[in-house]
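Please see the structure below; I have some questions.
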Amino acid sequence: MNYNLKIEKTEMLTEQIFFIRLKSEKIAKNAVPGQFVNIKCCDGLDAFLRRPISILRTDPREGTFDIVYMIRGKGTDILSQLKCGDYLDCMGPLGKGFTLPEKGEKVWVVGGGIGIFPLLFLLERSVDVYKASFLGFRAKDSIVLQNEYEKASDQITITTDDGSYGVHGLITKPFLERLEKEKPDRVYTCGPTPMIKSIAEICIERDIFCEVSMEQRMGCGIGACLVCACKIKHNDDYEYQHVCKDGPVFPAEKVIF
Amino acid sequence: MNYNLKIEKTEMLTEQIFFIRLKSEKIAKNAVPGQFVNIKCCDGLDAFLRRPISILRTDPREGTFDIVYMIRGKGTDILSQLKCGDYLDCMGPLGKGFTLPEKGEKVWVVGGGIGIFPLLFLLERSVDVYKASFLGFRAKDSIVLQNEYEKASDQITITTDDGSYGVHGLITKPFLERLEKEKPDRVYTCGPTPMIKSIAEICIERDIFCEVSMEQRMGCGIGACLVCACKIKHNDDYEYQHVCKDGPVFPAEKVIF
Amino acid sequence: MDLSVNIGELKLKNPIIAASGTFGFGREYSEYFDLNELGGISVKGLTLEPRKGNPPPRIAETPAGILNSVGLQNPGVHAFIEKEIPFLRQFDTAIIANVAANSIEEYCTMVEILSDADIDAIELNVSCPNVQQGCLLFGSTASGISQVTSAVKKVCKKPLIVKLTPNVTDITEMAKAAEDAGAEGVSLINTLLGMAIDINSRKPILANITGGLSGPAVKPVAVRMVYQVANSVKIPVIGMGGICNADDAAEFLLAGACAIMIGTAGFVNPNVWVEVKDGLVQYMENHGFKSIAEVSEALIV
Amino acid sequence: MDLSVNIGELKLKNPIIAASGTFGFGREYSEYFDLNELGGISVKGLTLEPRKGNPPPRIAETPAGILNSVGLQNPGVHAFIEKEIPFLRQFDTAIIANVAANSIEEYCTMVEILSDADIDAIELNVSCPNVQQGCLLFGSTASGISQVTSAVKKVCKKPLIVKLTPNVTDITEMAKAAEDAGAEGVSLINTLLGMAIDINSRKPILANITGGLSGPAVKPVAVRMVYQVANSVKIPVIGMGGICNADDAAEFLLAGACAIMIGTAGFVNPNVWVEVKDGLVQYMENHGFKSIAEVSEALIV
């Protein structure tokens, strides 16, 4: 098998955040929201393992899909040097995605930092539903894809940790405030562990359907090596399931943070 | 210190052999024939150590120098992908070069394969002397820089192992035949060990001045790590000298092959 | 050209084996390549009871390698027999059961159970660095290895391979102990104990603090140990540690191995096992080797 | 910010030391950077008589590392004292004499001689993998280490550091043996024994067949051993093995080292020692560390 995909477009969204569009009929056709691709950032030893990156959205007609990533270390740094026309080795689509909402439901998505990326795909695939987006960023200069999320949502709330844009503080605040007034049918969340943990707890308390997308360091990316463990309730005990295969999306009430 | 040099020109001489011109006032000014540069073929881990490559020639006015290399493995393969305008990390000039001939002397150079490269610089720097070149190649398609060597020599003999060009067989044959008729003042040789060994022996027998340029795997390239050992006569015993610092050029009669 | 290899009664149609713990029970990779291509599969390390394994993170990337601290998460030997063997048996490839335990009794119980199961060989894992008691303890001394091996040997009805840890002063003593105690073969190396620290959080990257190093970084140590062991025992040696391509595999065979295992490289390239097999055939053709045995004896020193 | 470090009587102005055998006697690198930048220099391993060393090739490149088999080529302790100390003394940096020998007597004789020489410390090399007799033998057992160390200690008038080999089952036993025998500090790791084969010539790349592995590949093993040793002895620990940048150095300090040595990385980047020193200062500023000691105690487990 050959996993080299042609890069159709690259864009620098901020100093740290980059966009890549890749050609793949297979992934464009089969990917569902919440799934990811596992990327070999370069030949050779410099970023030895593959890097998991969420599928931001697909375009089945064009046979392309998009990813957006933030520079964190060696691998993403190397990715940021890729140009249109280069090839990138991606395995995917991988993992279990979100449960799509039913017609007419009220959907709230809550994302923080790089956790917002899998949620756009979910919003775009959720049709005939009411969609509210709660997005938390570090600061104004780290806000990306605002237009896309506005287009994909009926209502959008943005917070920044430093108050440099939108509501000042954590995204959980406006989320809670709105919960006082109304109750969504489904909540989907992805982002820093403290954030998704509190969103999950809030929803469980109120008994609202909630799915969380988890992150964990990976090896094989397909369920064979068992390194990407996520602690999951199992009867009155727990077991380690695996983010790459059983996840990255899990029912909030199942996850032991 | 910064060792990144701008690549001013690259050229593919054969499928396997490449030419690079690099900008460096320092190296262009100071390098002498027989010296080499030690090259970091890429950032990172894929070709971890530097690769020693001879200085083919310098252009002090332009402040450039040239190298020619053959693809052997990882490092040289990576080098072959470099383009004009890229930067290359080179330490040098390194090592001890050839003893230049005196006015009016008869100079013969004997090179085999990649061993021919340091000899061009020597020929071009040897003025007011008679210069004969004996160059051995694997086959016609591995012959490179023929014009340059013809320009730089008064007479040139080329052999190929398979007879596909020039004289059929090893370069030692025509070298010996000509020795029957006349005797040079100086012989300089570089190439495969069997070749330089026999050239050295032939010259020692006949008591002709002969210098050989040696190859050895290197670490630091500057004489600190002692890995690039070359067995050298020492009184009636031997000692290990070091190709990167005491060499690569050694007096033929000193080397224990 | 003859790619087949015999390790005691164990017959491998080719010397390419999936390394234990990197390949699960074959289900996942079966979607990426035809498992019939493999000489054998060493399954995830099995214990008598199911094991949850260690908390995450369980993996850290290091220069040219990885650290893992899975800690033998597995469904237990019974679930393996019921659920996994039937799946694996669909393929024409040897099933090697990798067995870990905390006591000699437990090793024996498991080997008894597996002796009546439909598997082709048992790989005694006395070298797992990621569990507290047992296991590695036995593998770290010659006496420990000979105790476990001879005890197991009494009840074992399958070819027995002892998997050695590289975290010892003299690997040849360990191999000899296994040979003397009746092992049909030895496999090496398991992982080198290592550690990585996140200098910003100031915490070890692995929740388990230390983990096992594998991948290209360990290859020179593995080749050296295979070479030493192959020159000190008469039983077949299965070599592994950082193999990423056919050249690496050839290096292990030249060092004296009769077969090789590949693990970590598969994380990056799920076709690696097939590519190594095809590349090895190419190498043997180019160098006029007619059998694996010829390669294993071709080193010139 | 206080970069100084004390190892017994040995005072280092900063924790960056050139690793033995990779830096000669400083002459070559003095043309590339100001040796006054270094906390110390551990010179090429010295023997009583001059040594020719092993035949070439003496180096092989491996994934993220190198193998070397220099075999202690050196001019002998007397030539060192006459010719090299005067050169090194021009610089404000600690001179650490790395001492290798084949017998306890020889170790003692050398240490006696060096005790009267103008050096700052002695690093007892009981861990060179590239010479036939002696050396590594002593370093591979706790009893060997305590014998050599206590014998040497009787005649040693300089701070004594024992350099440990990683090729052992339990590095903490070795460190404890050195501590109990009176060593002021331990340094680790020396090289991991490895091997590389040229699959086309079918010969080992090194004329010596095996050699010592160093460079980034060994870092996780080195960090783990430094962590284990720092938690099992009270004397200072000097860490090394694959350090290429300030982040790597910080990793070793967090693991419990009080100083670090750098060798192989200098082959690729002759400025590495200076860059690591400057980068470490940066790291300490960013994280509010005021002294090296604070970093050495900052690991959160």
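Each chain gets a letter, A, B, C and D, in the order it is written, and its residues are counted from 1.
Here, contacts are C-beta pairs under 8 Å (C-beta built on N, C-alpha and C of every residue); 3 or more make two chains touch, one makes a residue touch a chain.
Remember, predicted model here, so these are calculated numbers, not experimental data.
Engineer: Find out how few touching-chain steps suffice to connect subunit C with subunit D.
Structural biologist: Contact-graph shortest path, subunit C to subunit D, evaluates to 1.
Engineer: Report back the single chain whose CA centre is most distant from the CA centre of subunit C.
Structural biologist: With centres defined by C-alpha atoms, farthest from subunit C sits B.
Engineer: When the centre of a chain is set as the mean of its C-alpha atoms, what distance in Å lies between subunit B and subunit D?
Structural biologist: 36
Engineer: I'd like the Å distance between the centres of subunit B and subunit C, where a centre is the mean of that chain's Cα atoms.
Structural biologist: Distance between chain centres, rounded to whole Å: 47 Å.
Engineer: Can you pull out the residues of subunit A that are in contact with at least two other chains?
Structural biologist: 45
Engineer: Touching at least two other chains at once: which residues of subunit D meet that condition?
Structural biologist: Those would be 60, 63-65, 216.
Engineer: Edges wherever two chains touch, nodes for the chains themselves; is that graph a line, a ring, a star, complete, or other here?
Structural biologist: Shape = ring; chains linked end to end, path closes on itself.
Engineer: Return all touching chain pairs.
Structural biologist: Taking the chains two at a time, the touching pairs are A-B, A-C, B-D, C-D.
Engineer: Which subunit B residues qualify as touching subunit A in the complex?
Structural biologist: Against subunit A, subunit B makes touches at 43-46.
Engineer: Sort out for me which residues of subunit D touch subunit C in the complex.
Structural biologist: 60, 62-65, 67, 140-141, 167-169, 192-197, 199, 201-204, 209-210, 213, 216-221, 223-224, 227, 242, 247, 250-251, 254-255, 283, 287, 298-301
Engineer: Considering only the defined contacts, which subunit A positions touch subunit C in the complex?
Structural biologist: Its residues touching subunit C are 1, 40, 45, 47-50, 91, 216-231, 238-240, 245.
Engineer: How about subunit D: which of its residues touch subunit B in the complex?
Structural biologist: Residue list for subunit D touching subunit B: 21-24, 27-29, 31-33, 44, 52-61, 63-66, 68, 70, 73, 205, 215-216, 264, 266-268, 270-271.
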